[in-house]
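Structures for review follow.
Two complexes follow with chain A in common, the first pairing it with chain B and the second with chain C.
The block that comes next holds the complex of A and B.
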């Protein structure tokens, strides 16, 4: 929303300055931005496993991986949106809506259970995208409205939240959420596959390049011939699809469509993406970072849960403070990078 | 000749559209009032109006601070959490007396406001993200301070929550006084002028030598203080501190009131009268739906539609 006006003044740097060690500091800050989250994650995991015997146990790791999987799928769509310079606040509601729709649809078979949430949440994402790209409304207000609207749809589907639809435990859909392959839950495998696919799309396809171009400079992208509106519509649709799919997967895992899920999930997803090194101003970001961001958030959560004396409210304090620190660090690093 | 009439027709249409954008919110309030008078039984009673006014007061106070933030081309997502923090602090310090407790609550709002403002003005973080971080942390802090719902038993607070002067509740009087104060500040003070200037164009304001950073910090402190006051008033009305649920989705209601009231999200303009009307409009809309036995889910969907329509209608306004 606000452009930092100081940077253009400093962009003029002479070639001599660039040659003199500036290149190294640029590389250092780029490294910090790209791998800072990963280093923090490794440090956090080592510290946690030294402090708690129960941290590095199979059960604990499996739980963390599973609970990370659903947030990670949401963060996947969010990364695309944030790289275009936008934001999607509706994902938490869409996650919950996706779960309820999947649980309701599971009585008509697995195909319906998967396609119904994808269709509805994708459609809401599409409407978000149309309002943002074609009508040029601010992303945060449009998605804030659809966050409210989607929650409203969910409530009216479930008799104001009093009905919880259950998934038949023996159905293939429930198996999808509960089965394990090589000792690791199916949702985790699916998430990993989606991330590989997403990374290929973002890095290696024309669409991915358009996403970066639109986020870097919308006007320049338009002049270059990139389909700005279509790219934006696509990323919001994708974010809706991801949130709906994550919700469906979660419903399969829980074998029910829990109505109260997903509140505040948009904050976790945005935090994870930002912690992972993606710039909120758009034009720079990568999916592996978002995955690391999700894992880091979950490790922090797990550690706070393990310290029995701290209640879960501390987790919010730590997450918020952490987000602030990361954003400050990014702004500093970003400023130095832009100097060159 | 045809060109001329065509030109006039579009000019008329533009003027009509602009009038609708400027005064549409007041029209909406009037229409809803009329509709309710005709269709809703027992709508025209002093008791009903008092209830509506008391319910809208906290939202209105938060929306005033939000209008300032949006006028500076920012936004403050932390207001709901500030309300929660304020209710926690109030409850914790109530042992020292009502005044100390209220001061502690307001101090909490100031601290969050300074943190928001410093992140935005000095570090250069986008307002959405800076206030998002404080939103998460603020709610957490409120819950750390006061883990669960606690009754507030204090004669002063009870009087504040349910007392009235000549039939007008204190809550409403405070809200009206604050609206007048903020309106005066925006229109008649140097700070108000500086706020609008930097909301219009921050580079221009900086080049003109305005104290951009100081103004930005004051804006977010104002927003924090107003949210804290709203938290105190809401606590007084409920006679309980509930940091888990107090102020959730408040940022959304406040932004809706501001935007529906005709303040453009692009900054540079603040309409306090419109914000008041916007808050009243949303309240009336909710009441209308509830009184006609439509479920809360419908209210949420309706509110979502109203937000999108309001922003859509305001779309051109920012460009003028």
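The block that comes next holds the complex of A and C.
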């Protein structure tokens, strides 16, 4: 039993485990999985700023930050959902609906402009959650249905999209979207604050632990006494709230409720979350990664726009190819770590 | 402390419990035993709030209760450790241990330092030292089980239910577990202990309740019940018959003069296997001995193509098989009955018929169309031959007991007419009666000319069942026992005194 004498620390470790030792390669894989997106982002930014003089300018950066902010808020909610092992396809429609509701409501003051989209989108998220957790329907189908439903509500509110509600440029609500603090747009600050808050909730609260537990092993979580249904309902509600709020913020920025927004946004959000290192199978993920994922998507988009000769349609090809590479890399890393 | 009276529970097609009375008393370790499908699991689930009984009353601490969820039962002080580790592998040890009970600071946020300290103390209290910040999945199964145990006792439990807690533990870990159980008993906790290992029951339990076909057939002090009587109660047969059955061992004398049907040469998998060679002749049962994690399962998987090898060769009946490919291995006539039925074998949602026919389908279809009549014949044959207890060929496999699930898997592979059968823990978690049947079956199969590679943690089974035993340690072959040397003593000696293959453990050559 020499092996035992050699490593007295692991009283119950098996020889197999000892053979693996500290699992250095496993740890490296874990690091790559956690910070791969960040490294890629840094590389992309450096490459872009070396290639294009126009990339690292104040205007360009501010534009990117602002356009990232709205997607980031949607991805925030999506991260919670995906960590539980679910998916939310309704966020694109809810984003658009939230914007229209906020623009329409802004005539009754800022409070209505903010609360109305939150209430409606939160409610739709709650219904998603109830159907998924209580009726045990597949998240894919439930949120696909509410994606179509929310789009329908939006169309009926705007007379088939022909009416665009405008936000009074002098209202406080418009200021919320347009003002800058220290040269950076208010939506960016709000987004950063939400991510800090979200990260605290996910990492440091009991609810956050339940989110990981439900995604990691639902049966085990239930047997350990975790409130599985309540956790699921909460994450879908949260995702609805995030999408609605992002829409409202976007409307404040654009000073109008644009009806054609948000199409395909759910897929961008999912891509960003997955690129950020969150496992689509659930149980593993973190918010900072999702934020990096959003930024990475936006940088790629920006770079393609900078290459004047390249059709902007290629942007989607590149984003798609990039996502495929990330998923392959993740799967590979995950297998090395014996996660998948 | 915790008791049920007149409890019945019916599932579609099965009456799992009928009018069961059961009482767990304070400061007592109560063994709950029975064959597979006797109703033990169902009773436990009724006690812990997973199921609600159709009839009858659960009484806890003197008053009737009705737990709606496992959480309610846990809050009331009833903790459970399940047979398969039911924790979240991706989360850290500490998070698993304290999920739902994390220490929080004044802001309501989790205090990680205190959490890690609490978790570490709880594990140290059980004699386990691991880094609680590591993800649970990095631990061995035994260590994971101890974390589950620590979780169960660290709540202020008054009743602890253990469902086959030792099935994946090393003897050393079993001793630790027993010490913990004794501590619990001294603290006045009622322990309900489910196990198939009779030695353990007699060592640790005070009282025993025997279930059979959903009914209580005996309850009383375990010291007053001799082993033979206990076995006969479980099986529901007369003692004479049981003795006969109990002694039905493998003959252990298959012909050894023929060419090997399976030759695995120098199989190497980084970190797991280091040049393992095994040969099996037709009609021979070769045992793979060694401790948990010594590379037994990995050897079987490498041979069956389920584990990619870095180097090495697998030859079946003179033809080299491409390694790392299960279809190639199956075509060559290698069948693997995996260790983890639940995760790697049965498809619980499909019927018995579909599960059996699955692997054989390509051979049973003509022009891409499945020959239904032939499948029916094959399914019928195996259900009868292996004595699979099911409502019919269309019952879902998930509803069958562990022993019967195992038989379904065996049938699936036998339907392929394999040349070599690799059996990884074929009798784990199945009851005495089914175990004897499976053992007898293995012997019959070898007699029919099949080469069998047997892995078993039950040394008695391994010794009795094998013609030869190849002993593994740290992923390498350290000894081969043949003829008269196939004894438990020699096996232990081989494991214990073999020079520790530090080359294999250290992650060698590259």
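Just so we're on the same page, the second predicted complex is superposed on the first by the 316 of 340 C-alpha atoms of A that agree within 3 Å, B and C clash if a C-alpha of one lies under 4 Å from a C-alpha of the other, contacts with A are read in each partner's own complex, and residues count from 1 in each chain.
Everything below uses one rule, namely that a contact is a pair of C-beta atoms (placed from the backbone, for glycine too) under 8 Å apart; a residue touches a chain by one contact, two chains touch by 3 or more.
Since the model is a prediction, treat every value here as computed from it, not as a measurement.
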**Request:** Pick one for A:222: touches chain B only (first), chain C only (second), both, or neither.
**Result:** second
**Asked** Should A:283 be classified as contacting the first partner (chain B), the second (chain C), both, or neither?
**Response** second
**Asked** Which partner does A:212 reach: the first (chain B), the second (chain C), both, or neither?
**Response** second
**Request:** Figure out whether A:153 sits in contact with chain B (first) or chain C (second), or with both, or with neither.
**Result:** first
**Request:** Kindly classify A:274 by the partners it touches after superposition: chain B alone (first), chain C alone (second), both, or neither?
**Result:** first
**Common interface positions of chain A, toward chain B and toward chain C** = 1-3
**Request:** Would you mind writing out the residues of chain B in touch with chain A in their complex?
**Result:** 73-75, 119-120, 123-130, 132-144, 147, 202-203, 206, 249, 252, 255, 259, 265, 295-301, 303-305, 307-308, 311-312, 315
**Message:** Quick check on the complex: what are the chain A residues that touch chain B?
**Reply:** 1-6, 87, 131, 135-138, 140-142, 144-149, 151-156, 160, 264, 267, 270-271, 274, 280-281, 311, 313-321, 323-324, 327-328, 331-332, 335
**Request:** Over in the complex, which chain A residues touch chain C? Could you list them?
**Result:** 1-3, 9-21, 23, 26, 200, 203-206, 209-210, 212-213, 216-217, 219-227, 283-284, 338-339
**Prompt:** Across the complex, what residues on chain C touch chain A?
**Reply:** 50, 69-71, 74-75, 80, 82, 86-91, 95-96, 99-100, 102, 104, 108-110, 127-130, 137-143, 146, 151, 170, 172-173, 176, 271-272, 291-295, 473-475, 496, 500, 502, 504-507
